[in-house]
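In the two complexes below, chain A is the common chain; its partner is chain B in one and chain C in the other.
Entry: the complex of A and B
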């Protein structure tokens, strides 16, 4: 598949402050997660993608064109920024109706679209007449998503859209994004809620200090994430007995036991052998198992890894 | 968030300046049509009326020259420049804040076009606001029995419309150029409008207030034009209209090159 976004050696500096430093990447159709700690350059990347700022050097193409001041590209992009600022005196239908018309809808069509999008993001109709200034954080996120989807964009860019949403809201949100991806749209999303992102995204782009470290991004590739975890946590009736059994089977190379909480964390020597036949091993151990989970999610692990360029 | 509401089958919008104008007009008018703004406007008009009552109390009887002179020098050339310039600068500056720019300047409308449409919408709403103040001032003049008040009203109104349009355009330019548009605007009014504009040489023509004064009846008589003549006011009105076009074009050009970085580090530029 041809990449929708193609960046080659893109740098962006704010005076002496580093925003992005010589990054190259390609984003293909589907849902792509952009991860990184605060100050990693995610918002700078999004502002470049939405044509609000120019790169200091390098080449950035979206749908084959530069996004800077390019209305043809902007017509195909929907952007949901991180900021929670909304025009407080306006009502959602007024705001969305106005933005829809700026995007190219007629007055009546814009209103119909606004109502459809508010329904789609499940903002209850009784809130449609309230001014945006009276909205809660979660309601603001829904309205922001609605404005982003208003004009049928081919590429949806979402900067921390799940902030302030409860778990049900996040799942609703994820369903909308999956629906968009299934409909052929591309989604680029950043979030600090890593487990949601991991469940949602097919591809990841990891930013660290304005760069895209190759090793960390390889660790986030689909093939790497398909591998078994290197470390696993068990909550069980007798962690010591389970650890002894796994050592005898030569499955693990180390472990930590917290007897009082019934937690055993193991580091596998042969994770493939265990996970292929885990039910047999656990039954043979004779230990009551309450919970099994990966010790570190691959996203968390990638973010915490020291930068290797 | 329901999936069945998907509208993936519908057609993509076709961006254009006419539809964009409709959207910008809606967003602008929505900010003007609320109780808070109405209360502020009512307060301003009441204050203006109190000042008119106070200043006219020194003149009995109140002549046309005295009252129209006061309306012109205080209202048209002092109140309107300050408030309209700040309002215009504030309007575009508000759109350039990260919280607004992210929604507005990511839409398929060129920035110069956006600025021109936003200027037109904001100027129209400001004109409507000041119509109320104008009506109150004319009404007060009629109440005080100022001779020829009604016959002078159309030219006074033309002067008001021209002043608002021009100062609004200047406010937009200052707003695009700097976040300190209030300080720059007040400095401009002090130096150019009140200072240079009152120097009795040809250099005073750069002052907008001087041009506005030339349009209204008593001042056109002083400058040799015909009292209350549309023919005398027309060239000045055309010059101010041209100034508006130039100011908006320059502001649009600057805006098109400006980056919406959004960070605090860029906000003060």
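Entry: the complex of A and C
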């Protein structure tokens, strides 16, 4: 598949301050997660992608064109910024209607779209006539998503859109994004809620201090994430008994037991053998299992890895 | 959430760059028209326009043959009637000088009202132009849409132009049109054209300068209070400092309202019009003629080059601030 976004040796400096440093990447259709700690360069990347700032050096193409000041590219992009500040005196329909008109739609068309999108992000109609200043954080996030989808963009860029949303809201949000991706749109999303991101995205882009560390990004690749976890946590009736059984089967090379909480963390010697036949092993152990989970999520692991360039 | 889009894909062609600029411009004007204070200013502006029309109309009716002056004078005996007829004849003999002088002074006075009301309206507008967009980080959302900084700038300039047209240009044209519409002959139309062109030229200069300065001031800070204080400081405080006759020239030039006033005197050429009345009209008493010349000299532009330079600096600085602030968003 042809990449939607293609960046080659892109750098962006703010005077002497580093925003992005010589990054190269490609984003293909689907949902791509952008991860990194605060100050990693995510917002700079998004502003470059939305054509609001120009790269200091390198080449950046979206839909085959440079996004800088390019209204043809911008018309195909929807952007949901991280900021939670919205014009407090305006009502969602007014704000969205105005933004629809800025996108080139007539007043009537903008209003229809605004109503449809507010419904789509599940903002109850009784809130449509309330001023945005009276909205909760979660409601504001929904309105921001609605403005982003108003003109049905081909590429949706979302900067921390799940901040302030409750679990149900996050699931709603994720469903909209999956729906967009299924409809052929591309989504680039950043979030600090890594497990949601991991469940949502097919591809990841890890930023660290304005750079894209190759090893960490390789660890986040689809092939890598398809591998079995190296360490697993069991919450069970008898961690000691389970540990003894797994050792006897030569499946693990080490473990930690917390008897009082019923937790066993193991480090696999042969994870493939265990996961391929895990139900048999767990039944044969005769231990009641309450929970099985990976010790470290691949995203968390990648973010915590010291930068290797 | 719903699993599918409820909208069919947009099949029509979205509006182009002109439409998007118009959207920004009209939204600003609509918002301002929603405030009671602005509507009050608007009423005052149109009252000034009506006053201009009334003065022009009265003058035309006064000097026309068989007009109300002549009719009224006939009630006071043949002597008064003869004087009234002489005044009519005076305008008929020298329409160019009389009509030109009247409309030059009329439009000059109107421009003072126009500038004053525009300044008040701009005080109201300054926080709404860029300040609030920056404070609410709305620019990030606007500029991620098919909108460039230049489109945003033109949209905002359009808002200011629209407001100034409502407060200044509109009432000016309205006043002139009504004056000449009911005039007894075409000489009123003909000889009022040059003063009208001068008034429109000053209107255009004022619009360009005030719009750029207002945008620059609006972009200085994210705080509405700061931008209002800065605007009032530049307009009223600097203007007051520039007023006394002994103030050094460089200090006078630091007031854009003083610079604009100088440009007004140079564009309208009230001094020339009055001097022409004083020197070219016969039958005027020598002291009256001298008074005309003296008054005209008072209205002469004394530091035009310096004022233009001062305005230029204001415009350049304002543009630099505007583009710098928008770029850093």
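Points worth noting:
Everything that follows uses one rule, which is that the second predicted complex is superposed on the first by the 309 of 309 C-alpha atoms of A that agree within 3 Å, B and C clash if a C-alpha of one lies under 4 Å from a C-alpha of the other, contacts with A are read in each partner's own complex, and residues count from 1 in each chain.
Convention: a residue touches a chain if its C-beta (ideal position, glycine included) is under 8 Å from a C-beta of that chain, and two chains touch if they have at least 3 such contacts.
Values in this document were obtained by computation on a predicted structure and should not be read as measured data.
In this superposed model built on chain A, chain B and chain C take up the same space, so to speak, and clash. In the overlay built on the shared chain, the residue A:15 is in contact with chain B alone; chain C does not reach it. Using the contact criterion defined above for the overlaid structures, shared-chain residue A:230 touches neither chain B nor chain C, since it reaches no partner.
In the superposition on chain A, A:270 makes contact with neither chain B nor chain C. When the two complexes are overlaid on their common chain A, residue A:50 makes contact with chain B and with chain C alike.
Counting the residues of chain A touched by each of chain B and chain C gives the higher count for B. Shared-chain residue A:256: touches no atom of chain B or chain C. Overlap of the chain B and chain C contact sets on chain A: residues 47, 50-52, 69, 71-72, 74-75, 77, 79, 81, 83, 85-87, 98-99, 101-106, 109, 113, 116, 119-122, 147, 151-152, 172-173, 175-176, 179, 183.
Residues of chain A that touch chain C in their complex: 47, 50-52, 69, 71-72, 74-75, 77-79, 81, 83, 85-88, 98-99, 101-106, 109, 112-113, 116, 119-122, 147, 151-152, 157, 172-173, 175-176, 179, 183.
Chain B contributes residues 1-3, 5-8, 10-16, 19-20, 22-24, 26-27, 30-31, 34, 36, 97-111, 114, 256, 259-263, 265-266 to its touches with chain A in the complex. Across the complex, chain B is touched by residues 14-15, 17, 43, 47, 50-54, 69, 71-72, 74-75, 77, 79, 81, 83-87, 89-91, 94-95, 97-107, 109-110, 113, 116-117, 119-122, 142, 145, 147, 151-152, 169, 172-173, 175-176, 179, 183-184 of chain A. Residues of chain C touching chain A in their complex: 1-7, 9-10, 12, 14-17, 19-20, 23-24, 27, 132, 135-138, 140-149, 329.
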